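Notes to accompany the following structure.
As written, the chains take the letters A, B, C, D, E, F and G, and residue 1 is the first residue of each chain.
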Amino acid sequence: MAPVSDKTNNGLIGILPVLLAAALFAFFAAQIPAIAAGEVLRWSMPWFPSQGIELAFLLDGLSLTFALLISGIGTLVLLYSDSYLAGHPQYARFALFLTSFLLAMLGLVLADDLILLFVFWELTTLTSYLLIGFSHEAEKSRRNALQALFVTGAGGLAFLAGLILMGFAAGSTSISEIIAADELRDHAAYTGILVLVFAGALTKSAQVPVHFWLPNAMAAPTPVSAFLHSATMVKAGIYLLARMHPALSGTPGWIWTLTILGAATAVFASLQSLRQTDLKQALAYTTLMALGTLTLLLGQDSGYAMTAFATFLIVHSLYKAALFLVVGNIDAATGTREVAQLGGLGRSMTLTAGAAALAALSMAGAPPFLGFIGKELKYAGALAADAPVLVAGALVLANALMFAVAGVVALRPFWLGSAADLPRAPKERSWRMLAGPVVLGVAGTLFGIFPGPLQQALVTPTVAALTGDAANAAELTLWHGVNLPLLLSLATFALGLALYAGHRPLRAGLAHTLGMLPDLDRGWDRFLDGLKGFAEWQAARIQSGKLSFYLAATFGTVAGALLVTMLARGLPLPAFTLDGFSWAPAAVAALMLAGGVLVLLTRSRITAIAGLGTSGIAISLVFLIYGAPDVAITQLLVETLVVVLVAVALLKLPRLPAPRFRPGAAVISVAVGASVSLMLLSVLGQPLDLSLTSYFEAASYPDAHGRNIVNVILVDFRAIDTFGEIAVVAIAALSALALLRGTKGRTR
Amino acid sequence: MTSFGLNVLLAIAWIALTGTVTLANFVIGALLGYVVICVIQPMLGPSRYPARALAWGRLLPLFLWELLISSIEVARDILRPRSHAHPAILEMPLTVRSDEGILLVTNLISLTPGTLSLDVSEDRKTLTIHAMFASDPEALIASLKSGIERWVIDAVEDFT
Amino acid sequence: MTAFLDAVVTGGLALVVLALAMAFVRLWRGPSLPDRVVALDMMTMAMVAFGGLAAIRFDTPQVLDVSLVLALVAFLATVALARFAERNVAGEDNND
Amino acid sequence: MSWLLVAPLMLPFATAIAAYLAKGRAAGRWISIAGSALLLVAATLLLVEVNAQGVVAGQMGGWGAPFGITLVADRLSAVMVLITAIIALAVSVYALADIDTRLEQLGYHAIFNVLIAGVIGAFVTGDLFNLYVWFEVMLIASFGLLVLGGSPEQIDGGVKYVALNLIATVLFLAGVGLLYGATGTLNMADLSRAVEGVDPGLLSVIAMMFLLAFGMKAAVFPLFFWLPAAYHTPAFSVSAVFAGLLTKVGVYALIRCFTLIFDHDIGYTHQILLWVAGLTMITGVLGAAAQSDIRKILSFHIVSQIGYMVMGLALMTPLALVGTVFYLVHHIVVKANLFLIAGAVQRLAGSTELSRIGGLYKSAPLLALLFIIPAFSLAGFPPLSGFWAKFLLVKAAIGVEGWVIAGVALVVGLLTIYSMTKIWAAAFWSPHPEGRDTSLSQLSASDRRGLLLPIAGLAVITMVIGMAPDPFARFAEAAAADLLDPAAYVSAVLGEEQ
Amino acid sequence: MEPFFAIAVGGLAAAAVYLMLSGELLRYIFGLVLLSNAANLAIFVSGRLTPGAPPLIPEGAYAPAGTVANALPQALVLTAIVIGFGLFAFALVLTFRAWTTLGTLEGDDMRVAEPKVTK
Amino acid sequence: MNSLILSVATRYLTGLLLVFSIYLLLRGHNEPGGGFIGGLTGATGFILQAMANGTDRAREALRLPPEVLAMLGLGAALLAGLMSALTGDAFLTGQWLFLGAEDGGKGLPLSSVLVFDIGVYLVVFGAVLTLVFEMEEHI
Amino acid sequence: MTEMITALLIAVGALFAAIGGLGLLRLPDVLMRMHASTKIGTLASSLITVAAAVHFGTAEVWIRAVAIVVLLLLTAPIAAHMIGRAAVTTRVPLWRTPPHDEVDKD
């Protein structure tokens, strides 16, 4: 992304977040002595006590390492962004999101409660979504942001299930308690927990085969990529695995899953990386490679592997952030990131070039950089693994490829070729954009030459957090004599040089070979299309827009549910007798039915109304016969009013379509009718408790001063029913009025 | 309807005063109200209400009797195996002029043997009738005019 | 109530119900719209009679109130339907 | 005591009458706002009392239970009343900018307030037939509001809404009749004891009747057609209050009846509820995925979210019911708010059809922020209310090894993200296809206030619940405990010592 | 007599549902009226039937003389009838409006709110 | 519609129905009748007016718009319910005043229950007329 | 005596009712059927109503009965007029074309 205006920074909005991050870094740095001394700092307050969830934070070697990387690199990235996006109209939001992201990430690595951890986990997902989609007007940004959100969100939900399960299994969601109790491996839910936690961690850390979202996350502005890829987001999954390492590791499930996935990711990613021509894409794949390596290491248990993990974690963060920022500088200076176009930048961008060289050499694992130490430790860890050949082989191949990529990405553009074909004449960037690469590059170099303080301050405490014992930490040193790791290192350089020399033909070959693998990125599009297609298909079936379908489905459900329940739960039916049968009510009931049937069969509207009227009259006769004059009168009045209103409405309504026999409707309606009859018969077979009625009869006159018990019920005993009832009538009238007056209506 | 409304009001007031909500009591109230209105008539301005009410009372028995006769006649025809009817739609010139008079004439005709009022023309001068036994239309119309219409004019329009 | 009166009332009810039924047949058959209105009118008349008989049968004069209201509102329904029939000049319902 | 129950029920009626008689003047809208504010006060007082005392019951007309009608509020009722009052106030304020004079003159404020009264009546009544009455009050008012204005879409949606809802009405009515015929009583507390004398098979069938009736009101699978057919058609204020409250009354009724009365055959009835819950979640969320209009998307999401609430009821464990209660409250606030936001989107961008809008992220960042809060809350992102709601339910499901339903709940959450980001990407991130000016400044200051104040207020509630879930969950816990052990409810209603 | 009415109510409900299922609004409305009647009758019958004897207290007495019809279901039915009328009236007006606005009474032809998906 | 016969008859019927409806309302507490039945009967009279002479005439006779009458009725019912607040009773508790009560009779009953029923009457009366008038006018 | 009068009124009234129903079935056109329903129906119901009044004999019942009869007498002819007019204006086919049909010309 090119600078948006000729401003060089964003003023207060630009600098405040930097200060905040720097302050955080300082704070965490101040904790180093305590942590180095083997202390573990814990702070907590109740948050959701009824669910046993605390706002609990824990600072040990592992979280301190992460916290320092996050806040330190965060400071540099924010400083860099201030210049990179100088004058951008949405810089305030950008800074807000980036700072939030930083804080969420800090929260994640400090949380000492599974649910709290998840809260921050999801917050990083959400804020990274907003950051990846920062160039929101570009379709691709939006797509890639969604992809990242969806994939990591999916993993996150699985992760949540795993956390809940873990909470149940351990009886607590406090991470330190779970680790201290150390009972999970024997729990019945262990495998489930493992699967679910892996699902969360591996999607977040973009392991094969759910890696595809990470390179696409490059849609974000470069400083975001630098941050996302070096110290944050993708490391969240790694952090999680590391954090749970004491509680979950050591089982075959843990070892083999992480080893195989890590190895596959590392190799696959480094091959992909070599294949890329866009600097940023190439770097993105190297991130994958690093993540694979870290995963692979976490699969192991040895002190070497853990030390290697702790060291490589730092190594990678330093060089990766530096290189991304370098690429940002190149992009900003030249307007391109295409390898083929770039060359000879070393002369015009000396500081950038220098920083790039330091970072690249660390990445390549060359001595005396920290990368070299990291690599040696990796090999030592590999040799201590359960499958040394597999682990070491994967690492050698991956590191050699890294070596080649480092050459292609970070050295070649500066020191080879010429700046001839560039869109813009390259020029060194402002100090804000140089601070990051330079500080990080130099740090990688200094820690390589003087590894002692790093070992003391961070690596050993991290190993202690991972294994429970600081004594497990291996020594960080450039020279440890001629041994197998050194030999492997030399082999790596040789292979790396060969790969670099042949990287052009190799690229073509790789492109061909990798092209034959299923393209999961395109698969994502197909998944979304499929999802949408299925959703549309489903919606069109269910929400068809056809009233007749809705009605049939509704009544069908009603009849089905009732009849099935009758069969399944048994409906008591009394013996049917004709005791007390009387012809007059029977005749009236027949008339009632006849009226209904008449409505059914006719296509004459007036006949239908008359049929309704007949049915209504018959029902009111039933009320009359069985001692309900009030109801009979009301029924008559209402029925009449129905007839009157329909007669008025019919003046403008069309004729009825001819009735035709609809077998489906007939089945449904008979089923509904039958279930109604059966239920009613069953109810009538039960004794009825008449105590309410008896009370009303006794209290009506003495207490409520009325002789018409029905009316007393309506206006006194149950007056609130009647109040609601008249509200219905009043609102029906108001609504009808509004409907009639409020619509002009098409004149027909 | 001023007098009428007043009468109703008075009747209700009576019920409220006596506290007995029965039909009988209402009738008492209405009658009382009627008397009161008659008394206060000069204050209310000219009204035909008292006289008209009396006329209604005289016409009621007539209605009932005519109804019975006409029903028997129609019933006979219904029960006969073959209808002897000579249906026709006729027009009868109206002499009666007042709204109430026309209403009474049409209603009475409808309740009289074999005749049914269908409509009054817009100029109120002709009444359309359906007759069931109209073998001699002129005679039928003449008898209606001399019978029912005469009664109505005597009973109602004399007071106007 | 004596057995005699009871028998008369029962017979009366039977005849009234018969009238209701015959009116309903006319209602069903039509053929013209006014025919059906007439039939409905007749049914309400029969119901008034039914109310009177029911009052005697159950010894509850309050049932007459039903007849009273019926006499009132039946008229309204008839007027509304007749009005519909009159405006419906297109002659719908004359021959279904 | 009983006046605490009567006040929230009768205040909206008084407001409705006053607003109607004042129609044609601006007074109506201010009466409505003032009435809603008073309602909020009354609802708060009720909640405070209930929280202090457990269950508050009052016998209307002074006729003792089970003879007269009892109004009764336990914690669930009280919180539902309060949340109703909050929505009523928010929507009343929103109506200032959303409802034009024409609709006001057609009686908008009166019908709206009667709707609120119906909803509250349903929450506070302790009588089954009276519940039917309040359902109808609510229903008829919803009819009126739905078609107020009378556009062809409204009429079309209204026809389907009316046609299908009336079926539920008749089912409910018949169910009440049958239950009365089997037990001889209507008072729900009394019913909870009287059903013990009824044949269990018959009772299960009657329970099914209520499940169907309330299920339809709650818009569960496969009875939800009326909702997506209609909710996108009325004025935004109206769809917001519908979205927030109406289906939840169905859910409330399900909860009330299936914890208090129909708990004799949980192995059958609640198993069915569980199936219904799962299918409702899935069909709803897929339906949403197929839509391209904001309100249609949101409508289908109502359906899908109802599934979660029913799921808690179906699991019937203390934690599950806590989840359901929590979900109810959360969902009402969030869903109503999203519809309000849809209205603001319409005002600024000219449509709610995703392909025809955009640019709001750039031009109206405040609205963007206000959207993202409820949207991600709906999708269950922490630390917003929806996260805890989902968390509690999933935890409850996992706690009883309901793996499938837990999985469904999680996957549906993911698909919810898909829909919410679809709206976000189309309405906010992508540029407006016609390059229209979508900034908030094109609205008058008063319209801006009217639109944004309620939206912001509801967003704050979502966040507060999310940030400090404990008091809410504690309350929900107490509410769930009330539901699972109705003894206190029964004795408060029937006026006996426990 | 109650079982007989139980069957009659079922028959009426069946006719009503068949009408409502037609998807044509006028028939739907007619069906709705019948269905409401069936539901009301169901409540009435559920409260058991007592011929004659309306629940009225004679003058001078403090309670009904002898057995009278069950008053409670009567009150419920009355309320239900009135509510049903309100709903019916609105449905009728809506039907009328549907015709003037949408030009059809066939529910399946009403595709304004849920247009056919054209692909 | 312009039927002279109907028009003239309606003049009498409307008054008759109105009186009758009030009668039904007042005695409803003791005999069949009450607010709903009364209100509907009263409305019948004005519906006849509207059909015979047009809604304008019927509206004129009513003076207040029917929908306002309905809302006033709702208000009356609400007030009837609230009257019990004065005596500290529960909502909708009947408040009775028997004027001149003596042995064997309760005297003239005036009660909040009657006010409530009058509210019912007005709502039904107003609502039904609203429905009919509006439909008449818009069809 | 009262009982005899009651029985007589009922018998006549019920008989008329049945005849009226039969007339509605048998008579050939709508206007003629109206003669049956309007006249006979009104009479039948009036007679039975009066029978009830005679049976109970109280003033209250008598007043109610009279009210019913008056109402029927007032409304039945008007109803008949409305229906008849509708039948004529909509040109319902009449049995045996009337010789002096002058309404039909408009």
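Just so it is clear, a contact is a pair of C-beta atoms (placed from the backbone, for glycine too) under 8 Å apart; a residue touches a chain by one contact, two chains touch by 3 or more.
This is a predicted model, so every value here is computed, not measured.
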Which chains does chain A share as contact partners with chain F?
C, D, E
Lowest number of touching-chain links that must be crossed from chain E to chain G
2
Of C-G and E-F, pair with higher C-beta contact tally:
C-G
Measuring between Cα centroids, what's the chain most distant from chain F?
A
Which one of the chains is closest to the middle, using the mean of its C-alpha atoms?
D
I'd like to verify one number: the distance from the centre of chain A to the centre of chain E, where each centre is the average of its C-alpha atoms, in whole angstrom.
49
Take the average of all CA coordinates in chain D, do the same for chain G, and state the distance between these two points in whole angstrom.
56
Could you grab the centroid distance between chain C and chain F? Build each centroid from C-alpha atoms only and quote it in angstrom.
27
In whole angstrom, what separates the CA-based centres of chain B and chain G?
16
I need the residues of chain E touching at least two other chains; which ones are they?
20, 28, 38, 40, 42, 45-48, 51-54, 56, 72, 78-79, 82-83, 86-87, 89-90, 93-97, 101, 107, 110-111, 113-114
Per-residue overlap in chain A, given as positions that touch at least 2 other chains
536, 540, 543, 545, 547, 551, 555, 605, 611, 625, 627, 629-630, 633-634, 637-638, 640-641, 644-645, 648-649, 651-652, 676, 680, 683-684, 688, 690, 692, 696, 707-708, 714, 716, 718-722, 725-737, 739-741, 743, 745
So which stretches of chain G touch two or more other chains?
20, 22, 34, 36, 38, 42, 60, 64, 67, 74-76, 78, 81-82, 84-85
Mind giving me all the chain pairs that touch?
A-C, A-D, A-E, A-F, B-F, B-G, C-E, C-F, C-G, D-E, D-F, E-F, F-G
Please output the residues of chain F touching chain A within their complex, sorted ascending.
28-37, 40-41, 44, 47, 66-67, 70-71, 73-74, 77-78, 81, 91-92, 94, 96, 106, 109, 111, 113, 116-117, 119-120, 123-124, 126-128, 130-132, 134-139
Chain B - residues contacting chain G, complex:
22-24, 27, 60, 63-64, 67-68, 70-71, 74-75, 77-79, 83, 85-91, 106-111, 114, 116-119, 128, 130, 132, 134, 137
Chain F partner, complex, touching residues on chain E are 54, 56, 78, 82, 86, 89, 93, 96
The answer for chain F against chain G in the complex is residues 3, 5-6, 9, 12-13, 20
Chain A - residues contacting chain D, complex:
46-51, 90, 93, 115, 118-119, 122-123, 125-126, 129, 133, 136-137, 139, 141-142, 145-146, 149-150, 153-154, 157-158, 160-161, 164-165, 167-168, 531-532, 534-536, 538-540, 542-543, 545, 547, 550-551, 553-555, 557-558, 561-562, 565-566, 568-572, 676, 679-680, 682-684, 686, 688-692, 695-696, 699, 716-721, 724-725, 727-728, 730-732, 734-735, 737-739, 741-745
